[in-house]
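Chain lettering (A, B, C and D) follows the sequence in which the chains are written, and residue indices restart at 1 in each chain.
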Amino acid sequence: MSNVHAILLLSCPDRKGLVAMLSNFIFQHNGNIVHADQYTSKRGKIFFMRIEWELQGFSLSREEIPEALAPLAAQFAMKWALHFTDYVPRIAVFVSKHLHCLHDLILRHRLGEFKAEIPLVISNHPDARESVEELGLKYFHFPITAQNKAGQERLEIQHLQEMKIDLIVLARYMQILTGKFLKAYPHKIINIHHSFLPAFAGGNPYQQAYDRGVKIIGATGHYVTENLDEGPIVAQDVIKISHRDTIADIQTKSKDLERIVLARALRLHLENKILVYGSKTIVFE
Amino acid sequence: MSNVHAILLLSCPDRKGLVAMLSNFIFQHNGNIVHADQYTSKRGKIFFMRIEWELQGFSLSREEIPEALAPLAAQFAMKWALHFTDYVPRIAVFVSKHLHCLHDLILRHRLGEFKAEIPLVISNHPDARESVEELGLKYFHFPITAQNKAGQERLEIQHLQEMKIDLIVLARYMQILTGKFLKAYPHKIINIHHSFLPAFAGGNPYQQAYDRGVKIIGATGHYVTENLDEGPIVAQDVIKISHRDTIADIQTKSKDLERIVLARALRLHLENKILVYGSKTIVFE
Amino acid sequence: MSNVHAILLLSCPDRKGLVAMLSNFIFQHNGNIVHADQYTSKRGKIFFMRIEWELQGFSLSREEIPEALAPLAAQFAMKWALHFTDYVPRIAVFVSKHLHCLHDLILRHRLGEFKAEIPLVISNHPDARESVEELGLKYFHFPITAQNKAGQERLEIQHLQEMKIDLIVLARYMQILTGKFLKAYPHKIINIHHSFLPAFAGGNPYQQAYDRGVKIIGATGHYVTENLDEGPIVAQDVIKISHRDTIADIQTKSKDLERIVLARALRLHLENKILVYGSKTIVFE
Amino acid sequence: MSNVHAILLLSCPDRKGLVAMLSNFIFQHNGNIVHADQYTSKRGKIFFMRIEWELQGFSLSREEIPEALAPLAAQFAMKWALHFTDYVPRIAVFVSKHLHCLHDLILRHRLGEFKAEIPLVISNHPDARESVEELGLKYFHFPITAQNKAGQERLEIQHLQEMKIDLIVLARYMQILTGKFLKAYPHKIINIHHSFLPAFAGGNPYQQAYDRGVKIIGATGHYVTENLDEGPIVAQDVIKISHRDTIADIQTKSKDLERIVLARALRLHLENKILVYGSKTIVFE
C-alpha cells in the first residue's frame, strides 16, 4: 500500500472555512497532502476542490473514509467522489471506420501511458476485427440500424457490465448513443470530435472547414451528453492550415490532432482531475 | 526607382503553360522575378498567381505594363491587379468603444511596421477623440442610429474619398455597414472579429466562450462582406484558456490576440499577398 | 477596504499539516480564502504556497498579520511575503534603442492592463526622450561607459529610490547591470530576452536563429541575476518562422512576441503569482 | 502512368529568367505544372526551385528528361534531383531503448500516411525484437562498442544495401554514426532530437529543461551530419510545461511531440519538399 494515494473530488456551495476544514480532516487523521487545488466559481458561488493525500500512515482505512467524511459532507451539502490511485479502470473503445484513434490508444497503452486496462473494442462495422484481435483485445461487432438500435444497445450494456467496464471511449464512433445508454455511464463516456467545437458541429467538419476557408482547425475531447456535440469539454487543441491544404490534407492534420487531444482527455479523466459542473468542466491540471 | 517592385496578382481558369507564359512575359522585358507563388484549386480548376519583379531594368514603364499585359489577360480570361511597392496606401480606422486595436495599429505604424499612412479615425462614439487628436490624427464622430445610418454613411464615404482613403480597418467597430457602403470599398475593408469564426459569430463572443466552457479562444481577421461574420478569412490565431479565466480574463487574453491578428491581416493586405476567391482567400505567405 | 485581498506567498521545508495550519490561520481570523495554490517540489522537499483571502471581515488589521504569523513562520522555517491588492507598485522602465516594448507597456498601462504606475524611463541613449516626455513620463538619460558605469548606477539607484520605484523592467536595455545594482533590487528586475533561452543567449539572437536555420523562434521574460541570461524564467513563448524569413522578418515577428511575453511576465509579477526558488520559478497561474 | 508526377528540385546561382526557362522547358514538352515554388536567398544569391508536373501527356519519357535537362543544367551550374511520385522509397528505422517513435512510425505507415516501405529495424539493443517481428518487420541487432563500431557499421551498411534501403530514420537511436556511415547516406538520414535545438543539445535534454526551469520544451527533426545535433533542421515544434511537471511528465509530453515532429519531417522528405543548403533547409511546404 506504499505509494497509494487517495483523491477526493468535491463541490458544494461556497462557504468560509472549507479549505481549512478539509485540510484539517486529512491532517487530523495523519494524512500528508501531496496536491490540493481549489476553485470557486464567482457566478454560481460554487466551491470545487481536488485534494490528494498519501494513504501510508493515514489513520483511516479506505472503507472508513466515506463514513468519517459523511457528517462534513452533509453539513456543507457536498457532492463528492473518492478515488484510490491503485484502482485500474477498465476501458471499452467504440469505433466505426476510422481507426487512427483506436490504434493510437492501444499503442500508448502498451507504452504504459494509461493506468488502465483496455480489454475490448465495440464497433458498428466488422472492419477492425482482425487488427484488434491480433493485438489480443476482444472485438464485438454490433451493426446498428434505426430499427435495432435500442436492442443492440441493451446487448452492448450487458457485455460492458459483464466485462466490468468503467469507462467508454468513443474513438471516432459514428453512431449517436441513446439517452438510455448515456444514463448507464453518466460522465463516463469520452468522445473525440474532429473539429474545434462549437465550430463545425455535426457532420463532416473537414469539409466544412475547407468550405469556410478557416486558417486553423481543431479537435475537441468531451464528455457525451444528450445534446450532441454539446457535452462538457475536457481538452481542445488546434493546428494551422492554409489554402493549399486539400480536404485530404486537412484530414491528415486533423487525425494527428484527434489522437493527441483524445489521449490528453483520457489521461485527465484517469488521473481524476476533472469535475463536471453543468455543461462545463473544472480541470485541475 | 531603384528597389521598386511590381506585383501582379491574377486568377484565371487553369491551363497548361500559364506559369511559362507569365514568367516569359517578365523575362522578355528584362525583368528579374524576386518572388513567384502559384496555386491551382483542384475543385474549381482555377489558377492563382502572385508574381513580383524588379522595375529596375524592366523595359516597360509602369504605364505600359497594363497595355502589354492586356492581350494575354484577354486570351486566358484573367482577373488581375497590378501593384507597385512604392505606393503608400491611406488607411481609415473605424472604432467604437474598445480602443486596444486602434492604439496598437498607431503604435505599430509609428514603429514603421506598416507601409501606409493612417490619417484619420472614424467613430460612432466621441470617446476616443482626445487621445486620437493628441497623436496627430483626424477624428470624425458619426453617431449612428437606425434612422440616420444611410445618411451618415454617405457623409463618411464623402470624407473617405476627400481624404483619398484606400483601405478601411474596422478595429472593433460595432456597427454593421450597409451593402451600399461595402460596394464603395470591395475587399478593401478588414475587420477583426473577437472570436475564432465560425464559432461564436454574433454578439458577445467572450460570454459565449465562457458559457460553453471552451479551452481555447481565437480571433479572426477577415474582409467584410454583406453576410455578417462570413467574409473571407485572412488570418486567425488562438490562445488557451481554462476554467479559472473569468470573462474579464478571457477579454484580456482575447484583446492581445485581436491586436496581433488584426496587424497580421493588415500587413498581408498591404504586402498585396491576398487573393479573394469566392468566400475564401488565397494567402501567399 | 471592501474588495481588498491579502496575498501570502511562502515557502518552507515540506511537513504534514502545512495546508491545514495555514488555512486554519485564516479561517480562525474569519477570513474568506478566494484562491489557494500549493506545490511541493519532489526533489528538494520544499513546500510552496500562494494563498489569497478577503480583508473584509478579517479580524486582524494589515499591521497585525505579520505579528500573528510570526510564530508559525518561525516554527516551520518559512520564508514569506505579504501583499495587499490595493498597493500600486511603481515601475521604472529601462530602454536602449529598440522602443517597441516600452511603447507597448505604456499602451497597455493606459488601457488599464497593469495595476501599477510607470512614472519614469531610464535610458543609456537620448533617442526616446521626446516620445516619452510627450506621454507625460520622466526621462533620465544615463550614458554608460566602462569607466563611468559604477558611478552612473549609483546615480540611477538614487533616482529610483527618490521616486520610490518598486520594480524595474528592462525593456530591451542593452547594458549589463552590476552585482551591486542587482542587490538593490533582488528579484525586482524583469528582463525580456529576445530569444528562446537557453538557445541563442548572448548577442544578436535574430542573426543566430537565422544562421542556424531554426523553424521556431522565441522570447523569454526572466528575473535578472548575476549570471547573464540565466535568471529564473517567468514566461516564454514562440512563433514559427521559415527559410523565407529574412533577418528583418525574424526581427519583426520576434518584436511582437517580446511585447507579449514581457507584458505577461510583468502581469504575473504584479499579481504576486511568482515565487523564485533557486534558478527557477513557481508560477501560480 | 496516369497521375504520376515528376518533381524537380534544383538550386543554382541566381540569374534573370530562371523561372521562365524552367517553366518553358516543361511547357514546350507539353507538361502541366501542378506546383511550382521558388526561393532566392538574398545573402548567397542562390536560386532554389521545386517544380512538379504531370507525366501524362509529357512528351519526354522518364529516361529522356535528364538528358534533355542537361544542357540547361550545365549552362546555369545547377544542382538538381529528379523524382517520380510512383517511386516507393524503402526505409530502415534505427532505435535504441525508447520505442515510442518506432511504434508511431509503424502505426502511421499502416494507416497509409507514408508512401514508403519500412522493411527493417536496426537496433543496438535486443529489446524491441519481439514486438517488431510480430509486426512483420525484420529486426537486426547490432550491439555497438567503441571497439566494434567500425566493423558493425560496415555490416549494417551491407544489410542496408542488400535490402535496397533509400532512407534511414533514427527514431531515438542513441549511437553516434561515424563519418564513413554518413557518407553512404548523405542527407538520407533523419534524426529526431528530443529537445528544441540548439537548446539542450547533447545528453538528457529532459533533465536539462527541468533544471533550467524553462516554460516550453521542443523537439527537432533534422538531417544527420558530422557535427552532432547541428544538422540541417527540417521540422520543429514545442509544447508548454510548468513547474508542476516532473521530469517524467516532461518526458511524456516530449514523447508526444517527438512522434509528431519526426513524422512531419519524414513526410516532408518523402514528398521531396526539402532542399538542403549548407547547414539549413529550404522546405517548400
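Definition applied: a residue touches a chain if its C-beta (ideal position, glycine included) is under 8 Å from a C-beta of that chain, and two chains touch if they have at least 3 such contacts.
Keep in mind that what you see is a predicted model, and the values were worked out from it rather than measured.
Colleague: Show me the overlap between the contact partners of chain A and those of chain B.
Modeller: Both-contact set = C, D.
Colleague: Farthest chain from chain B, going by mean C-alpha coordinates, please.
Modeller: A
Colleague: Please state whether A-C or C-D has more C-beta contact pairs across its interface.
Modeller: C-D is joined by more C-beta pairs in contact.
Colleague: Please report how many Å separate the Cα centroid of chain A from that of chain C, as a whole number.
Modeller: Distance between chain centres, rounded to whole Å: 37 Å.
Colleague: Please work out the Cα centroid separation of chain C and chain D, and write it as a whole number of Å.
Modeller: The separation of the two C-alpha centroids amounts to 42 Å.
Colleague: Taking each residue of chain B in turn, which ones touch at least two of the other chains?
Modeller: Expected reply: 244, 285.
Colleague: Using the touch rule from the top, collect the residues of chain B that touch chain C in their complex.
Modeller: Chain B reaches chain C through residues 99-100, 103-104, 107, 110-111, 113, 244, 252, 256, 260, 263, 285.
Colleague: Given the complex with chain C, which residues does chain A contribute to the contact?
Modeller: 16-21, 23-24, 26-28, 30-38, 40
Colleague: List the residues on chain B that touch chain A in their complex, please.
Modeller: Interface residues on the chain B side: 39, 42, 196-200, 211-216, 218, 232-233, 235-238, 242-244, 246, 279-283, 285.
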